[in-house]
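Both complexes shown next keep subunit A, but they swap its partner, so subunit B is in the first and subunit C is in the second.
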Partner chain A sequence: MRFPLVESIIWTIVIILVVIIIILVIYLKILRNNIRLTDKKNKKYTTLVEENLIKFLYSEKESILLTDTQKKIIKKFKKGVSSRRKRKIISDTFFNLSQEISGSMIVTMHKLYEEIGLLRYTIKKLRSKKWNIIAIGIRDARRFEIDKVKNLISNFINHPREEVRREAHLYFLELFGYEGMEFLDDLKVPLSEWDQIQLLGEIEKIENHLILDVSKWLVSDNDYVIIFILNIVKMFNRMETKEILLTLLHHKSKDVRLKAIETVTHFEVLEAKYILKSKFTNMSLKEKIASFLLLEKVASDEDNIFIINYTNHENFEIKHKALSILKRIDKNMYDALEKKSEDEDYNRIINFLDYSYGI
Partner chain B sequence: MEFNEIIRSIILTFHYFFLFFTIAIVGGYIILAVFSSKETVDYLKKNSFINFKDLIKSPLAPSISIIAPAYNESLNIVENVRSLLSTHYVNYDVIIVNDGSKDDSLEKLIKAYDLEKVEYLINYKVPTKPLRDGVFKSKNPAFDKLIVVDKQNGGKADALNCGINISESKYLACIDVDCLLLEDSLQRMIKPFLEHTDRKVIASGGVIRIANSCKIEDGKLIDINFPDKWIERVQILEYLRAFLLGRMAWARLNGLLVISGAFGIFDKEIAIKVGGYDTKTVGEDMEIIVRMRAYMEEQNIKYKVAYIPDPLCWTEAPDDRKILISQRNRWTRGTIETLKIHKKINFNYKYRVLGLLSFPYWFIFERMAPIVEVVGMLYFLFLVFYQPLNWSFVLGLFLLAYLFSLLFSFVAIFTEEFTYHQYKKKGIGLKLVLTIILEPFLLHPIVLYAAMRGNYDYYFNKKKKWGVMIRKGLSKT
Partner chain C sequence: MSNKKKIVLAEDNSVLSLLLKFRLEKDGYQLFIAVNGKEAIDFIETEDPDLILTDVMMDYVSGLEVISHVRNQLESKTPILVFSSSGQEEMVLKAFNLGANDFMSKPLSPNELSIRVKRMLM
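Showing the complex of A and B:
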């Protein structure tokens, strides 16, 4: 059997592949060399930028006029900014150094940021069509506290890409403190756990701890906003929101209810106990377990009848919590319980509570 | 029909079968390479401005239990545990499950970490072998994150199940105790679980890198080197191809079927709902992912198995042919077992991507590929004896197959160079090229032999289980 056409196709592909592979080998060599070289160049240029920047900051005079050295440095930076690689190095070095200085030097550095044209590039990034470039633009605006672009960035609060909107949210918090939280009024999209961690991290850095009234966000239409604010309530002990917290125990969203239970547990709100007991049978398993965590803190002897009903619950955690709470609030009732059961879990919990608990 | 005609039609059938199989496999690789490059670019874009620092101290950081089964790991256990305890994360514990070791692992741990036996109420959410000496915690507050469980031997899956029962965390990081995790591993691996609001992330897997010849001090990776031994070099190339091309592409398609047993994070709730690890298979890492995915599909819940290409976990690869064969033999048996256990998924439209893409791909191109290859070789020998061959055609075909394999290796190497560029030192480039050229002759025959042995052992040697992996210890390299 002979397939001359197939054979010639195969050999043609073989030759093409051989050529491609030879090119790849050469390119690999060039690429690795380039990476090494660029790395070296970047390190060298970073050192140069650092030196120049420090020289610029320390040669600042009382007068508003720039010294000759400063003018020369600005010229060098301006030249560097036109190259993408150098621009990135300048921007990163500026940011790194801004973390180590304070007072008037930071103001000078921000002015320099504008003067050499980095601001222009930041605004250009914000107008980009690529989401990642916009996100980097917002990050740059955040790093250098550029409040001029506030309106532009407010357009990104509900951006379809989470990375862009996260940067926008962080921008508002970092630049405007608690007032920046107003973006939550307009938030229509979810706030992931990751977003919340980043935002809370930023809130923690705000020096003024006289936080705004957060009540309005606890009744937001966006469940994610409520959950986020519940985290703030817990973190900053905003006990004055107690009444709203109690209403949230009836919220339509299971996640909000669960977070609300967690928050009232943190504050050990006694009134919550009555609400949760009254709706216990209709709760999800997670809510039931969370409710028992509250009961663990606030249950008293008046709850013994309620608690004893759950000492044989099918869920291990509820059974364990019920037995340990009962032992604490009504020892007589606990002692009167059957200590042997067909349920192995029950026996192990009893054994643990009677003989090992607390070791 | 004459005899010769019958033979001729059989030969034609074989011809077309092998032709289509080859086109399918090469086409499949090309498609995977395209998807993988898209996913890599997206991943790098997404993570180029991410700040992980807030997670390290956040009160919202979810709890993670690192579960590390240990069996006769006395040689390095103390150093390995120290490395795990130095992870940069705020809310985690380390559960070492001593799976009935016959050596002095437990004694060494007790001494090194000042452990004492404690009473521990275990919720047996998944069945596991009973405890032996019990649960230990340290008297020293510096090691309060450490829990050591001593249980009867039941194998790796059983030890992991024991860890699941002990854990009180929301997520489980299941790892091999001898693996070296970079300090920020947990931060990076947990991120996918926290960032998705439209779907539930049930597991997240990471790249496994080979640490042979690398310099490691006090459980930290100091210097990355390219090994001298060819058997180690070819495995490095193979891992790069598998992790940076294959798995990355499957992650893009949300069709990942495997998260390496060496390092993966799981949603504990789902892992328990599906019954934990299967103790009857040697491929427990693949099996649990398939089972978790099947569960999510059956419950009709939107989900994702995430994949992190950052080089976070470094492990010791076999530097001996026999151990390598034993390891690959086990991987083959694990694949066969998993595919057999879940055969109802194969080509089942109810399981969507899992049933119509991932599972059939694994069945055809992973499970069946070695068998097809051996049959192909035998068929070729038959042709050599049966009829005069067009040797130019034959040579062209062999070269084509060989050059395609080189091409995919180059794609993997370029992905590595453009992204993480871990092998920075001068001279390694040439070694990489030589490895690419020789790998089909050095590693492939071993892998093929091991896969066939795995098939044989699966059907005719049921008693065979894990096999032995002799560790030299990373700190000694």
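Showing the complex of A and C:
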């Protein structure tokens, strides 16, 4: 008697599963049809937007007044902007074209962007409570070069989400060039390596080659700002900041000191050598290695006593640098060194230096 | 038979190709728009254009392959103008080595393009 019961349970399960599969298949079919339909509608609307946009751009006259065709097109765009799907298409089409062309058409497109109400939606996004919507709003303002929302965006310079902050920082640099760097005055939060790379990329694109005074940011309270500006000093060879660079060698932050050593090494600042030698014993290992990189460039025979003290240093890199510098600046002192030691690394370095040409 | 000069424009950005089509047709040329290199080659083979405008980076067949096809397979001397974006300088050099005649970097000015096209078709 138990067998029919099990059998009926199995059959019930099978029937339920078959029904579920049929429902899912129908659902999938409807979903696919909907996606295809939406895609078709989007393509059709994209073509329409493209045609209208081109018509608008080419029907512009010298006068500041809009032509009848332009007025009609604006009306059509305004109608489309109220739908989220169509608004996205309009916005993307505008962006696609604005990336590819230059000249007066870009100005006309920016005017059109405001005229049809897209600016209103951008401001709405900037006032959103959701961080991702704010980031999209800033991106839109950046892409369409809307400087009217500058004050609103300045509120996001220290936003808790780095995605929002990043967009805000890029907005200022892309739209206002060197002047946009003023946001660094108010920056209280960190700038990640990735942020710095992106900002440096933007700075490189700035066409205005005015000499920018970066000294005020080299004494900023935010260590990240100092490190970022040190990258700019290096990138643009701002040698006039030399005195501040020397003071940064005494900065309270280890990272800033390290970056400052890297920067003075880039410029081969001789004065830095004396400062670094005087505080060498209290430095971290990274700073010591960085200092030896500077010495490698600027050491002279007056440094032989200092250098010889580190030829037996426990760190391989320092030991190697000390020996190779000594060989270069004072060959007699180098030759007078013991060539054999209990330290295998020392022996290898000596062997390498003695039998390598050109070192 | 129309005696308008024929131009094949290979560009994957539909709105840009529409804008350029509008502009160049206004200047009196007959335009054939290709959305990728493969379509461009088809147009070039069937229409025998007076000028070819091509983007360097495109789907399926790149602008470089289009130039190579025109110069090596078809052995045609039709002038070719290449569009490139910033950071594609090496591609532009390759395009010139393959036989391109001129280049314009994006973002491009439609007015400048119009002048260059006129000059190349003189």
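Just so it is clear, the second predicted complex is superposed on the first by the 274 of 359 C-alpha atoms of A that agree within 3 Å, B and C clash if a C-alpha of one lies under 4 Å from a C-alpha of the other, contacts with A are read in each partner's own complex, and residues count from 1 in each chain.
Here is the rule we use: contacts are C-beta pairs under 8 Å (C-beta built on N, C-alpha and C of every residue); 3 or more make two chains touch, one makes a residue touch a chain.
Keep in mind it's a predicted model, so treat the numbers as computed, not measured.
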Look at A:Ile13 in the shared chain and tell me whether it touches subunit B only, subunit C only, both, or neither; answer first, second, both or neither.
first
Partner with the higher number of touched subunit A residues, subunit C or subunit B
B
Now for A:Ile305: first (subunit B), second (subunit C), both, or neither, which partner does it touch?
neither
Report for A:Thr93: first if it touches subunit B alone, second if subunit C alone, otherwise both or neither.
second
Go through the superposed model and pick first if A:Asn132 touches only subunit B, second if only subunit C, both, or neither.
first
Tell me which partner A:Leu270 touches in the superposition: subunit B (first), subunit C (second), both or neither.
neither
Mind working out whether A:Ser102 is in touch with subunit B, subunit C, both or neither, as first, second, both or neither?
second
Mind working out whether A:His320 is in touch with subunit B, subunit C, both or neither, as first, second, both or neither?
first
Can A:Leu285 be said to touch subunit B (first), subunit C (second), both, or neither?
neither
Is A:Glu167 touching the first partner subunit B, the second partner subunit C, both, or neither of them?
first
Contact residues on subunit A for subunit C in the complex?
46-47, 50-51, 53-54, 57-58, 93, 96-103, 105-106
For subunit A, which residues are in contact with subunit B within the complex?
1-3, 6-7, 10-11, 13-14, 17-18, 20-21, 24-25, 28-29, 31-32, 35-36, 132, 135-136, 139, 162-163, 167, 190-198, 200-202, 224, 231, 235, 316-317, 320, 345, 348-349, 352, 356-357, 359
Could you pull out which subunit B residues touch subunit A in their complex?
11-12, 15, 45-46, 48-49, 51, 53-55, 57-62, 118-119, 121-125, 191, 193-198, 390, 392-393, 396-397, 399-400, 403-404, 406-407, 410, 413-414, 417-418, 421, 424, 426, 428-430, 432-433
Under the stated contact criterion, what part of subunit C meets subunit A in this complex?
13-16, 18-19, 22-23, 26, 106-111
